[in-house]
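Below you'll find a set of structures to go through.
Paired with chain B in one complex and with chain C in the other, chain A is shared by the two complexes that follow.
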Partner chain A sequence: MKAIYTKYKREILVFLATIILGVVFTVLNPNFLMWRTMLTIFQQMVLNGLLAVGIMFTILTGGIDLSIGCTFAIVGIAVANCCVRGMNPFLAIIIGLAVGVVLGAFNGFLVTNLKLQPFIATLGTMSLYRGIAYVVTGGAPVTNVPDSFRNIFNGQMPGGIRYYVIVMVVVFIIAHVILSKTRTGDYLYAVGGNEEAAKLSGVNVRKTKYIAYIASGACTAVAGLVMLASLGSAEATAGIGYETNAIAAAAIGGTSMAGGRGTALGTFFGALLLAVLKVGMVVINVDSFWQYVVTGLIIVAASYFEFMKGDLAAFAARHKKA
Partner chain B sequence: MGKAVEFVGINKYFPGVHVLKDISFSVEEGEVHALLGENGAGKSTILNILHGVYSEYEGDVFLHGKKVAFKNPNDAILNGNISKVHQETMVVEELTVGQNVTLGYQPKKGLFIDFNKMHKEVDAILTELDCRFRSRDIVKTLTAGEKQMLAIAKAIYHHSNIISLDEPTASLTSKETEALFAVIRKLKADGITILYVSHHLEEIFQICDRASIMRDGEYIETLEIKDTTEDELIHAMVGRSVSAVASRLKPSRAADEVVLKVEHLSDNDGKYKDVSFELHKGEILGFYGLVGAGRTEVMRVLAGADRKISGNIIFKGQEIKGNWNSTKALKYGIGMLPEDRKTQGFNKLDTNYNNIAISSLEKYMSGVFTSEAKKLKNAERFFEELDIHPNKPEYLTVNMSGGNQQKVILARWMSTNIDVIIFDEPTKGVDVAAKAEIYRLMEELVEEGKSLIVVSSELPEAMGLSDRLIVMSEGRITKELTDREAFHSDEILNYAIGGN
Partner chain C sequence: MKKKVLAVLLATAMVFTLTACGSNGGSSNSKNDGGSSSSQTEESNEEPAGDAEESTDGTEEEPAEDAGSTGEFNPDQAEDAMTIEEVREKNGVEVPVDSGKKLGVVMKSLSNEFWRTLQEGYEQAAADTGLSIDIQATTDEGDETGQQTMTEALTTQGVDALLMSPISDSNLTSAVESANDADVLTVNVNDGLIAEANHYVGPNAYQNGQLAAEWISGKLGDEGQVAIVVGMAKAFAARERTAGFKDWVSDNNSKLEIVAEQNADWDRQKAKELANTWITQYPDLKAIFCNNDDMALGVVEAVEESNADILVVGVDGIGEAYESIRAGKLDATVDSFPFYMAQVAVECTLRSLAGQELPSAVATPQALIDSENVDTDAAEIINWTAPTYTK
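Moving on to the complex of A and B:
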């Protein structure tokens, strides 16, 4: 029990913070504690959660993927076009995932083969991918995506749980298993923790970084599919600014921006906390402009807490001795 | 003379650890006082308390008889006139020497920095210290030794009368070390008190008046250097007698079989030129040279860390074709323990057992998944075998002492099946006891039929360990000495400075 606590301290703390937040909202408006609100929260967190778990892979290696919002738009447009032209929806999904993987791999190419700084490289592809989205669509939305595609994600389980919520949970579970149970996971943490040491240990740093950017592209593609299914249309302006929320979720969940530290579980709770905050503030009728203020404060508080942790531990140790 | 520094009953705790236990001792004004102890003895911690890095501790610190409690290092520099020169000096490479020396306290004329005044003042200090570089030089053009001087100049600029030097010679050539000692003597003549931390005992005998010794967070004793011996110091530091001299206790295991052959290795910048040599099975092959001779660069290519530009690597008779990288090097069986452990040796965020397992993950699988338990079990075996302290495979490697970190990295390679292990400065920053253990481990490795390359800038170490010794100077091999009985230090030094 203690071992689990030490290992997942950050995750447990973020989860507890989420619960406390939920209690506060419930006190302010008892309607918050309804099954329907819970469903809304989970639906609300799906897109950000998927993007966050993807971007977390790149952050773990000491990099970043700023292009996810644009990859997200391109995947939506590509799959929408396929579906509208009558393609088998499952084939369209595979094409969507492939698009995400290719765009992610291109980021990986820039970062590893051309040795560009990830921030600059993906700042470039952010504009590049967005431009492609505009050029392909001519700025017009692609509409009337058939239900045969939409139902794959939008369908409901008993209790009203949408399939896409399940999809998100599955993606998180896969990410968790990759990070904690496979060699690839160890290599990702090793590269992020100390790239030079990893290289000198014989770790294939290039391949590891490629995997991170491809994972980011793939998770983003899943988010793009969910978005397309729930809206029924795709447009080039989709996902603008989504990368910031994804980074926020990962950071709140304990992902270190310097790389080498972070878990899928933490990112899940980070995204959950942001969703609880968003839905809760609607339930208690907080003005939407204020929501930005509160979200910002939460992000700052979470990073300050991370910073404080060392001091707190030292303080506790001193007083135990005295 | 009075007491420059006095510690009274200092206790310091880190989470779960009592790192300093009731430390009391004093440093006389105007003396060069050595602070000795193994890694983890608490030398850095007591210095950090003195210099205001840690403001939370029990006990009292007196400077010149006055009780002080600095809030931070700046407070110590400005109000205590006490400066610390770091192991790796902290400088802004892109600025001038003058800007670095005066950083934060530049002389001003109105709103702007008075550069003329700055450079005049700093040049005066540099002249006083017999430095050849000037205030207007850009710092990145300076050598490691000159940067050290810059840090001392900074201390003088702030009118420090107590200066701590933490391993100041770690990255200096012998000539630069001589220059540093000359400056230390000069400072001493001016009445400045020096605290000197070093693992090189011969330096202590050259430059220090007294030495205070610490062990496991406790103060042991203070000895007059002129009345003591190296053995007595080591005994006080380690608590028992240890030979710190690099030597071979077992007969050579070198065979005729060539494991690794390097032909005409060169790069584009002339850091190493036309390097060719052979490594035999069971051999310890030494590489000696001055800092900058190109040894590390050659080794990094062999380990696949840097690209091979031109030349051939032939491993067990098979020429290596195509791209050469560290993953391939591991597959063939070559691994390297880097000189700079902290930045290249291990993942500071991770545990010992993970840092050990990272090069041999295929051994710790259950099905398609890696097994934490198997990694831990492997690490436990090596903690036992290599006698790693503390015996905690689950601790973060960054919290281990230098010698034990080195053993953790060695355990990583011993967990793989590699045949060639390259040690780059294997005992840099490693204390005496651990040094002796690492030498013994090297002998055990060659007993097992491994072949070792040892790069060392310490001549006694290179001579004491090697079966054969290759001397490099300015990127070229200037001599290969094949008879270990006939190694002669004058001859080797001569080849290292490029003579013949």
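Moving on to the complex of A and C:
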């Protein structure tokens, strides 16, 4: 028990905070505790969760991927165009994932081969990808995506759970396995923790970073597919500003912006907390501007805990002696 | 361990306090809406330079919404506002065209269908009048300084009039001041707003919300729960459309009950998620009014998924909204016909250049489109007669 707590204390804390938030919302409006509200929360964490787990891979290596909102839009547009032209939906999904991987790999190329700062490199591709989205569509949305594609993600299981919720859970499980059970996972943490040391111990830093950016692109592509299925249309302006929420979810879940620390489970709970907050605020009918204020405060508070962790441990140790 | 749990509890307490503040803030705002003082209204009705004296009398009319910002120019509430028909009646139908005049147009991003259609309207006007109209647009809707540079460049090139649709309410202020100094006629077309411009030409966003409220009330037999999806509040149109809707409900003692109002940043996905939450929370929700079509189309998806019987009304009249109405999904949209708006703007500019006296604000045609008139020709719906240009 104690061992589990020490290993996952950040995740448990975030989960507790989520539960407490839920209790607060339930007190303010008992309707919050309906099964349908729970379903809504899980549905609404999907996009942000997928984007967050993707961006977490890049943050783990000490990088960042600011272009995810734009990759998201491009994938949506590409797949929408394929589907509207009558392509087999599963083939279209593969193309969508491939687009995400290619765009992610290009970020990886900029960061590793050209040795650009990840922030600047992906700031550049953020504008580049958005521009491509505008050029391809001429600004007009791609509409009338057939149900054969939409039902793959948007269909419902008994109980009202949509398939895309399952898709998200599967992506998180894959991410968790990669990070905690494989050598690639160890390398990702090692590169983010101390790049020089990792290089000296024989880690292929370049390949590891490529993997991180490709993973980010792939997760973003899945998010783009879910968005397309859910809306039935794609537009060049989709996903503007989504990267900030994704970073927030990862940060709340305990991902260190300096790299080397963070888990898929933590990011999951970070995204869950933000979704609870988002839905809860609507349920108790709070002015949406307050949502920004509260989200901001929670991010600040979460990073403060991160900072305090060392201090608190030292403080507790001192007290025990006295 | 204990300390951390305590810290989490404290953080939650903080959130709780904040949300409580939030609800308070909301209700005090609505109080403001109801009984805004006339002094505030007076301030918020500052007119552009040319028509200053007309604005000083009478300040009551509809309560000024979002009265917080003082000195705000509000064309929807302008005392001397006219429709284009009234302008034609007052000054005669003939529009004098001086072939030596040059017009400059500054618009927002052409990636948006609305602005592309507006451009077509300008091109139509250029063809009809035989004047050269220099049309400039920014690459995206965030390039505020780029738009300022374009405006200044047009002034230096010696245009006689500038027709501008600024990205924000402030990014063209200095460019307009230098244009005014250079005796260039400045016309503000659609939003954002330029308080310093000589004339405003655009749809009445306030009336736009009223049209939507009236339609919903008619369809529902004037009772039932209604929710509003608002756009980014920095946009004048978002505030006015919402205010027009709400005021219609309160002014007509309507039994429509506005149960929720939230911002979705003009984003389709966010609007859909909002609607999803509302549909679970308000099983009796009967209608959702959205500040634009993009958000309305997102809400439509949420309504379709839940099989709920909810009316969805948008604003803008984009092509996709028309398609959706034809497909029986979206219920209505309020179209402000940018193609005709541009032609009205050029007509007003030419009248003003010829020395005719024009009001500070000219309201351009708009109409509610639903399944009944979705296939009717736009010119017929708004009863459009092309301007009579005399050269």
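Note that in this section the second predicted complex is superposed on the first by the 322 of 322 C-alpha atoms of A that agree within 3 Å, B and C clash if a C-alpha of one lies under 4 Å from a C-alpha of the other, contacts with A are read in each partner's own complex, and residues count from 1 in each chain.
FYI, contacts are C-beta pairs under 8 Å (C-beta built on N, C-alpha and C of every residue); 3 or more make two chains touch, one makes a residue touch a chain.
Everything quoted here is computed from the prediction, not taken from an experiment.
Undergrad: Return the chain, chain B or chain C, that is in touch with more residues of chain A.
TA: The larger set of chain A residues in touch belongs to C.
Undergrad: Considering only the touch criterion stated at the top, classify A:289 as touching first (chain B), second (chain C), both, or neither.
TA: Only chain C is touched by A:289; chain B is not.
Undergrad: By the touch definition at the top of the document, which applies to A:34: first (chain B), second (chain C), both, or neither?
TA: second
Undergrad: Which of the two partners, first being chain B and second being chain C, lies in contact with A:193: first, second, both, or neither?
TA: First partner only.
Undergrad: Looking at A:183 after the superposition, I want to know if it touches chain B, chain C, both of them or none. Which is it: first, second, both, neither?
TA: first
Undergrad: On chain A, what residues does chain B touch that chain C touches as well?
TA: Looking at chain A, the two contact sets intersect at 316.
Undergrad: Name, in rising order, each residue of chain C that touches chain A in their complex.
TA: Residue list for chain C touching chain A: 3-5, 7-9, 11-12, 14-16, 18-19, 21-23, 25-26, 29, 109-113, 116, 140, 233, 259-260, 262-265, 267-269, 272-274, 276-278, 280-281, 294, 297-298, 301, 305, 319-320, 323.
Undergrad: Per the contact definition, I'd like the list of chain A residues that touch chain B in the complex.
TA: 177, 181-183, 185-187, 189-190, 193-194, 196-204, 256, 260-261, 313-314, 316-318, 321
Undergrad: In the complex formed with chain C, which residues of chain A make contact?
TA: 13, 16-17, 20-21, 24, 28, 31, 34, 36-37, 39-40, 43-44, 47, 134, 138-141, 143, 154, 227, 230-233, 235-238, 240-241, 278-279, 281-290, 293-294, 297-298, 301, 305, 312, 316
Undergrad: Using the touch definition from the top, list the residues of chain B that touch chain A in their complex.
TA: Residues of chain B touching chain A: 13-16, 18, 56, 303-305, 325-327, 329-331, 335-336, 338, 343-350, 354, 357-359, 361-362, 368-370, 412, 416.
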